[in-house]
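Read the structure below first, then the notes.
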Amino acid sequence: MITFTSFPSSPGGEYDAVRRHRETDNDMDVDFDDDDDFSSNRLRLTLPGDYLTSSQAFMRGHGTYVHEDQVVASVAGTVERVNKLITVRAIRTRYNPEVGDLVVGRITEVQPRRWKVDANSRQDAVLMLSSVNLPGGVQRRKLESDELQMRNFFEEGDLLVAEVQAFFSDGAMSLHTRSLKYGKLRNGQLVIIPPILVRRLKSHFITLPCGVDLILGLNGYIWVSRHIKASDQAGEEGFDAEAVYSNQNDDIDEPTRGAIARVTNIIHVLAAHFVPLTDTILLEAYEWSVEQEEANKGLFQEDVAEALVASLHSRS
Amino acid sequence: MSIILPGEHVPARHVNLKLGPGLLQLSSPDKRRGIADEGLGIISTKAGTLHHSTNQSKWWIENNSRRYVPAQQESVIGVIILRSGEGFRVDIGSAHTASLDGLAFEGATKRNKPNLKIGCLVYARVSLAHKDMEPELECFDAQTRKAEGFGELKEGFLVRCSLKMSRLLLDPKHFLLPLLGHRFPLEAAVGMNGRIWVNTKEMKHTIAATRCIEAVDPDGGGMDERGVKEFLNALDVE
Amino acid sequence: MGSRVEILNEGGFRSDGRRQYELREVTIDLSQQGQADGAAVITHGLTRVMVSVFGPREAKSRSQTIHDRANINVEVAISPFSAGERRKRSRGDKRILEMAATIKSTFEPVVQTTLYPRSQIDVFVQVLQQDGGLLQGCINATTLALVNAGIPLLDFVCAVSGGVYSTSPMLDLTLLEENDLPNLTVAVMPKTGKSTLVTMETRLHVDRFEEIFKLVCSASHALHQEMKDAVRVRTTSLVTAMGTTQSNVGGDTMMDES
Amino acid sequence: MRPPSPSIPEKEFLFASLKASLRLDGRQPLQLRTPELTFGPELGWVECALGKTRVLAQVDAKMVKPPPERPFEGMVSIHSEISPIASPEYEFGRASEEEVTMTRMLDKVLRRSDTIDKESLCVIAGQRVWHVRLAIHCLSDEGNMLDCACLAGIVALRHFRRPEIEVVGDEVTIHDPTERAPIPLAIHHSPFCFTFAFFADTSIPPILDPSHLEQRLSAGLVSIALNAQREICVLQKLGGVPLAPDSILNLVEIAVSRAKELDRLVDDKLKVDWSGRRVEFR
């Protein structure tokens, strides 16, 4: 039989079980969780329905629930303990926002005085008109005319980078772009990876020496774009509405386009091999791929991708 | 009181005539058919019983429908179905949902609004009823700003009945509520929209009250006083 | 039509060489499928079902939002080429609608929907090959896809089908057996042993029912083991992949399992 | 617009009283509302009421040519539909979940469990067979419409009588009921459906034949269709609260005893109706 494998083939995906006879089936549970010892620093894996510990001695956190005085896992992932709090972190999941997180999102809807933003979370985020910088100076008050021309700022489909400001009572997050670092995105492309692969870093704005800027949204949305020199970014006084809310890309030269494409492909390959992204890893991977002098598309060949990941492992 | 069918003429005449539900004054009395002779050209639009006030200034038709049409100043029981920024949307069984301002409660201020959850019951008064606008409710007296019994109804049970039954129970001379009150302590709120809230100390009392209301409802059993007494005796309410 | 085929021969073997209480071979593939938040492909012998889960995400329409919990939306599609006879079923087919409603209500009490008010969880079930035990395949694949998507579940849900040939109970029926025998499908939550789903559509005496019902319940534990192992292998490989490059970014834990 | 879900006080009161085994209509948890069967002027016309839930079932039969793959069997078809007449919760157009469940369930209980002997409906093999059509109309939904519809359906089938026929060679003569007494359908068994409702709070006992409010607030239904001979025809628990195997077997036992009672009741009613009718045909 011919088998076709779709591109991002992940490690350990296919699992073949042996044929089991009911008569001979013995419970060969490799117990990860038969001891209640949380003091050891080893990583414990757990599955939904697994008992973790007594609920009298410990508190249940995310990814767990209490059943008959026992803390039980509700997701498959790693067990984490902070003092008396037991949580289970799922490996692949949607983005769980926290206040202060940097996210990249896409406008889905324009509503009265607010935008709805898809940010890979369980509900669309809300960007209030009062939480964006309006043209004409940072300090300018919101006018009624602004409410009528909200699509001049953000339109359905626009990408933006923002910070999580607060939560509503139903758990939806509220964003703000009240900083010159935030706002509409241009001159690049979006890559979507599992949110767990984006770690919290000192700065989520990364500039690679090849003339590429990266914005690592904690929600797994990554913006790869042409480098903007610091001097090009106008100061606080010269807040330029034209530039901030422009829908036009600047001129991007051939080598930069190549670099953007290469970085994008590297991220795809790393995500497919479940490698968490950091600035150093991206830099090393970029250098490796240039060193190898492979054609850009070569990265998608399974052996090249494996070699890249292996080289990263050996360096780290 | 007489039974009237849609389209019949109503002999209402008064200098200060007020027409209630089910009555309509034709805009131009049709002289060719000689209708003008029969009064002011007032006809009925519903089947029911025709009533008028003692001085014949107010006329209305009562009938036994189940669909509630809001009218100003009537007390109703509603269910909160949505919380919005300033207030609540309330289902009162009418064609449209009603709105209830978060400030229309006793002691409510901009900072301190009542925290009603979706699914809560409220006893409220219709403050605005207009055919082209959605009805509005309030849970206090707009002048005194006192609750006067309006507000959230906690615990208890909601009985749905015909509108006729609601009106019957509002009549202080009707036998049912005193009869029930004689058997066990009982709290009740009667909404004109065919909803009656009852609360007692014991669950079986609430169930008994519920079943009696359903039995007496002219749209259902139409049981009389003696029947209810026997029915209550048959139920175990002690 | 099946009268020529011996359902259970004198040697105690079934038409495909299995014993009475033997389940068919199970394979589970949990690798990423497109943009789905979680996906699983399960095969029970020649029955093959793929499920993709999206969400929890913003509800598509306002009428589908529930103010205090997430809405689970299930859509089932049966590929026209999945059975011996090519046949296209419309989306409005009552049997498909019933199956979707069944899967939805099977998982509603298992998924912790109250954690995601006003959201929506989309479950897309695609039947690729069918050879009996369709519902069991759909339910098992949905469980695995939900686990894979990191959606909190109270427990696994493991479904197994069974039937009775005159007086002999049998497990995990093929299409051939399903057409000839009274059969039932049971979905069990192994931790408590309680079942969320029981369906039987053919006439069977109460006493026979009791026997096969209990047998199917116990068989589900064997399947639970298979499903747990698959998820564990998948999770371990992902954690390992993440862990090996994480030491230089301040990872504080290391795997001691390999 | 669907009516809003029941209010919090209604919900809490119902749960509290069910926990104390009290039902709002005064029934025991496992007590059925006594079915009222009204027979119409025609044979096979039955109106069944469980409390305020009402379903009308009507059977007729006509002669058709059988499909080539089954030349020796008659045909049975069931038409059912839940329209907004039953309750404002139902909409026209797209089939609601309840309608899908009910249609499928009626099909399984009355048709696929071989209630009617299809071979007895054959007149001339490959040429002429009876096509029995059962139409179910849901008139009003006050809870548990499924059981009511199944009951109406099976009673209508047992009440129905088809005209007597005579076959001479290839000639078929259908005798008018006034000439020769019509004959009942050959029925193998009479399945009855029983629906139990469960609640999210497991300390509330299961209840049989839920009312509308009970059904709305329940967290799972189990429907068991069986006949008085202890044969389960359909057992269906489509999701909802997880149940221990023993409690499911328990429900089966309860349904077995209820089926025997109901079977007797239906027999009596049919007998009474038939004895009243015989006069007409003299």
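Order as written gives the chain letters A, B, C and D; numbering starts at 1 within each chain.
Basically, contacts are C-beta pairs under 8 Å (C-beta built on N, C-alpha and C of every residue); 3 or more make two chains touch, one makes a residue touch a chain.
For each chain, UniProt lists the protein as follows: A = Exosome non-catalytic core subunit rrp4; B = Ribosomal RNA-processing protein 40; C = Ribosomal RNA-processing protein 41.
Everything numeric in this text was worked out from a predicted model, so none of it was measured.
In this structure, the chain pairs A-C and B-D differ in their number of contacting C-beta pairs, and the larger number is found at A-C. The greatest centre-to-centre gap from subunit D, using C-alpha centroids, is found for A. With centres taken as mean C-alpha coordinates, the chain found closest to the middle of all protein C-alpha atoms is C.
The centroid of the Cα atoms in subunit A and the matching centroid in subunit C are 30 Å apart. One finds 54 Å separating the Cα centroids of subunit A and subunit D.
Averaged C-alpha coordinates put the centre of subunit B at 39 Å from the centre of subunit D. Among the residues of subunit D, none is found touching two or more other chains. For subunit B, residues touching at least two other chains: there are none. In subunit A, no residue reaches two or more other chains under the touch definition.
Against subunit C, in their complex, subunit A makes its touches with residues 6, 8-17, 19-23, 25, 27-30, 32, 41-43, 45, 47-49, 63, 65, 67, 72, 74-78, 90-94, 108, 116, 118, 121-124, 170-172, 192, 196-197, 199, 272-276, 278, 280-281, 312-313, 316. Chain contact summary for the complex, subunit D toward subunit B: residues 3-14, 16-17, 20, 22, 24-26. Taken in their complex, subunit C has these residues touching subunit D: 92, 94-95, 97-98, 101-110, 184, 189, 192-207, 209-210, 213-214, 217. The residues of subunit C lying in touch with subunit A in their complex are 19, 21-23, 25-35, 37-38, 55-58, 67, 70, 112, 116-119, 147-156, 171, 189-191, 219, 222, 225-226, 228-249, 252-257. Listing the residues of subunit D that touch subunit C in their complex gives 95, 97, 100-101, 103-104, 108, 112-114, 200, 219-220, 222, 226, 230-245, 248-249, 252-253, 256.
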